[in-house]
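To start, the structure under review is shown below, and the notes come after it.
By written order: A, B and C. Residues from 1 in each chain.
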């Protein structure tokens, strides 16, 4: 990418990117990027390197294992360690890190993105604290050699019957496989809870902390919608046998393996896994997959529902100002660079956050169009997490009780969920 | 039982036990030889490939991880032996308040779980500016060994009669001289054996490697786990790397097997 | 001794012997542990270190948590005793088998050492894979035998069983080489005398070999019990404490408090409580060890 093209793409907004003094000082500047090794991050860093080479910045990517990412980064931020200049920031850590992050409202590219991604996850005291680099959205993947687009189940009854039919015909081992145990409850419990008109807390679909506080931090995984959702899984596993009996012990990876081995007709995953599912070297179902929206539960309040969140890059507040400026330029550039944005989608299946690019892709790319229709064009869009500081413990406690409910006796489900709800409410209310 | 039956029983038991101990490793080797799409059902299919080894090794960070692990394991072993030989000698040769106090301290800190000091250790190494450097990994790894090794070293020296050292004192030898010339050589087999265990321990260690390393000092165990924990289900690459990682460990063990068996008398 | 024992000369020598170890121990173990201990008396979450002093509140919270005393401690002790007993018995058995000359001796000895060369975290990943309900070789064997495949990791007891099995696999060689080393240094005379008296294999082992092995066995057991009490990597890799916290052991509990829930204060308090428990259990065992050694002399 040459300077001229870069200019053309970024247009007048980029007095920032070309700020001559910054470049002058950038001769020996180093930017350390803290991230987890994942295809999405690696794609983003690939493009960052191009920018860095052009601006004579030394870019040093520092990978950190996901398992310890939050705690290491948190310890780093709270102790002002200065290990990183740019860090990966997930929507549900927004409130953990808010006070330690540089406001990035002045990055022009944010204006090109959907505001929903930012509020409330990445907003701290009225300022944005992260620049999104991919949208993370859950969707249903299914096998096109087993199901026609019109045959994909629209509701839970259909879901069970379709699965049973495929299994009975000997076409596939399982109708569905999805991650269930901590931290992957989204791919079974949570989607079914939301598709059944329920939510983790009241008021329904509320994510602003002030409102949750007003309602008394009340967890609702014992609501009729939630109990029905867990019963749905209990039945799927034990009565209808359309999901593997080991599913309550599955991480996302276990379920993905079953789908990629060709042993499940349907799975639920982030759109960002499309690249992996569709890679013939790793997956036996490559070239035979498509996406669809959630099969809705009996108590659904909308025709369709989906969650929409983002991963972002953020800048620690104690980074020195020249580096902050360079980092902002970099993050602005990568989000305005159409080539980089399109490459992210093509290589991984992740939605690029720049909506102008998305509009172009809708025109030019039928697969992207299908992905959009299955997800963000749903009637109701919600956030997939909550944004109060105790969320990690709240979330883990919720999943643990759902697993307990689904592995116990069917008539004990309600009690197990009530116990979980009580504990979760206590956790959320704790300062 | 006749002698023949006895022999058959012995052969059967030893073969069975050996197979049980080897099986998971054999399964790992088999997994490492399967192509990515055949890794789901390792026991089905007849496709085999050596490409996984090449693919795993092709990553530059993997070569660095091999080097880092070998480097840290070797130097952590040398330094922790160096500081605990003397500490164990002190525990063995001197009775009294100081000695029992030191032993008490060692016992006390041997009992504290690693997870209770690894986060403060992260903050500490960061504060000292040695986080993600060799020094920042070596020093904690030496600290891990101090309690256990001092304890074992005491055992080694307890097994050596101090008479020879007393005789040396009479000949005008200094305390240090007696320690270096008399006690140390006699304890060598045990020390070498302990060195092997220490090397293997650090080569295989995970929790400290996970928390205390960044990009510059990444260790092999963390890289291996990433194949399964982060990029998903790349069991074939994880296995290929693990098989290669057994190589150096096997060489170290074979090289010193005699020492390990003969040297370790507690 | 010809040398005049100058005031403090002996002490200076003692100090010099332990000084390097002592310095590293202070800097990289004691200081971090004190930082953690400090946190256990304060309100200190990783994301908001406000550090208000709260006295023993965190300790009370942990000790009053039904999961801690109802699940975590029983699991920890079960794991500790089951895996040390099984590891000890199989290690002792193997050492006795290997303590003779036979064809293939070298191969067998190397094979026995193999688990020592596998990182515990890799072993745990492999075990999880082998016990995978869909793709695992264990269920493949069950199916081939006409049995139902078992979803191993969704019940408490099978999960714990797998974890213990993995630990036994990893540590049997450790017991084997230590016991084998001791066996080879045993004096031959008592055995020969007993054999001349016509003693059978079992009485020989029971009355001669075992008493002579007692010191090494006790040291092995004490060290392994302490380590088994703090087991972390294999449990974390295989079950993460699940399903639904039913296989949490003490280290997992403390780790989850500090690392997953980000409650550095509660995590520190939990690990110090655990350290206290194992110190007492270990000290009792250590006294028993010293006593047993005295008696056996």
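Criterion: contacts are C-beta pairs under 8 Å (C-beta built on N, C-alpha and C of every residue); 3 or more make two chains touch, one makes a residue touch a chain.
Since the model is a prediction, treat every value here as computed from it, not as a measurement.
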From subunit B, the most remote chain by mean C-alpha position: A
Comparison of B-C and A-C (more C-beta pairs in contact): B-C
Subunit A and subunit C: spacing of chain centres that average the CA atoms, whole Å: 39
Inter-centroid spacing, subunit C versus subunit B (mean Cα positions, whole Å): 15
Multi-partner residues of subunit C (each touching 2 or more other chains): 46, 135, 258-259
Set of subunit A residues in contact with two or more other chains: 68, 71, 75, 257, 261, 263
Numbers and ranges of subunit B residues touching at least 2 other chains: 40-41, 119, 123, 225, 228
For the subunit A and subunit B complex, residues of the former touching the latter: 36-39, 60-68, 71-72, 75-76, 79, 81, 83, 253, 256-257, 260-261, 263, 276, 280-284
Residue numbers on subunit C that touch subunit A, as the complex places them: 45-49, 132-135, 151-155, 240, 242-246, 256, 258-263
Parts of subunit B lying in touch with subunit C, wherever the complex brings them together: 10, 13-14, 17-18, 20-22, 24-25, 27-28, 31, 40-43, 82-84, 86-87, 89-90, 94, 98-99, 102, 105, 107-121, 123-124, 139-140, 142-143, 146-148, 150-151, 155, 166, 169-170, 172, 174-176, 193, 197, 200, 203-207, 220-221, 224-225, 228, 235, 238-239, 242, 245-246, 249-250, 253-254, 257, 260-266
Subunit C residues touching subunit B - in the complex, by the definition given at the top: 1-3, 10-11, 13-14, 16-18, 20-22, 24-25, 27-33, 35-36, 39, 46, 90, 93-94, 97-98, 102, 107-123, 125-127, 129-130, 135, 137, 140, 169, 172-173, 177-178, 180-182, 184-185, 215-216, 219-220, 223, 226, 230, 232-233, 237, 250-251, 254-255, 258-259, 264, 267-268, 271-272, 274-275, 278-279, 282-283, 286
Footprint of subunit A on subunit B - complex, ascending: 35-37, 40-41, 61, 119, 122-123, 126-127, 131-132, 210-211, 214-215, 218, 222, 225-226, 228-234
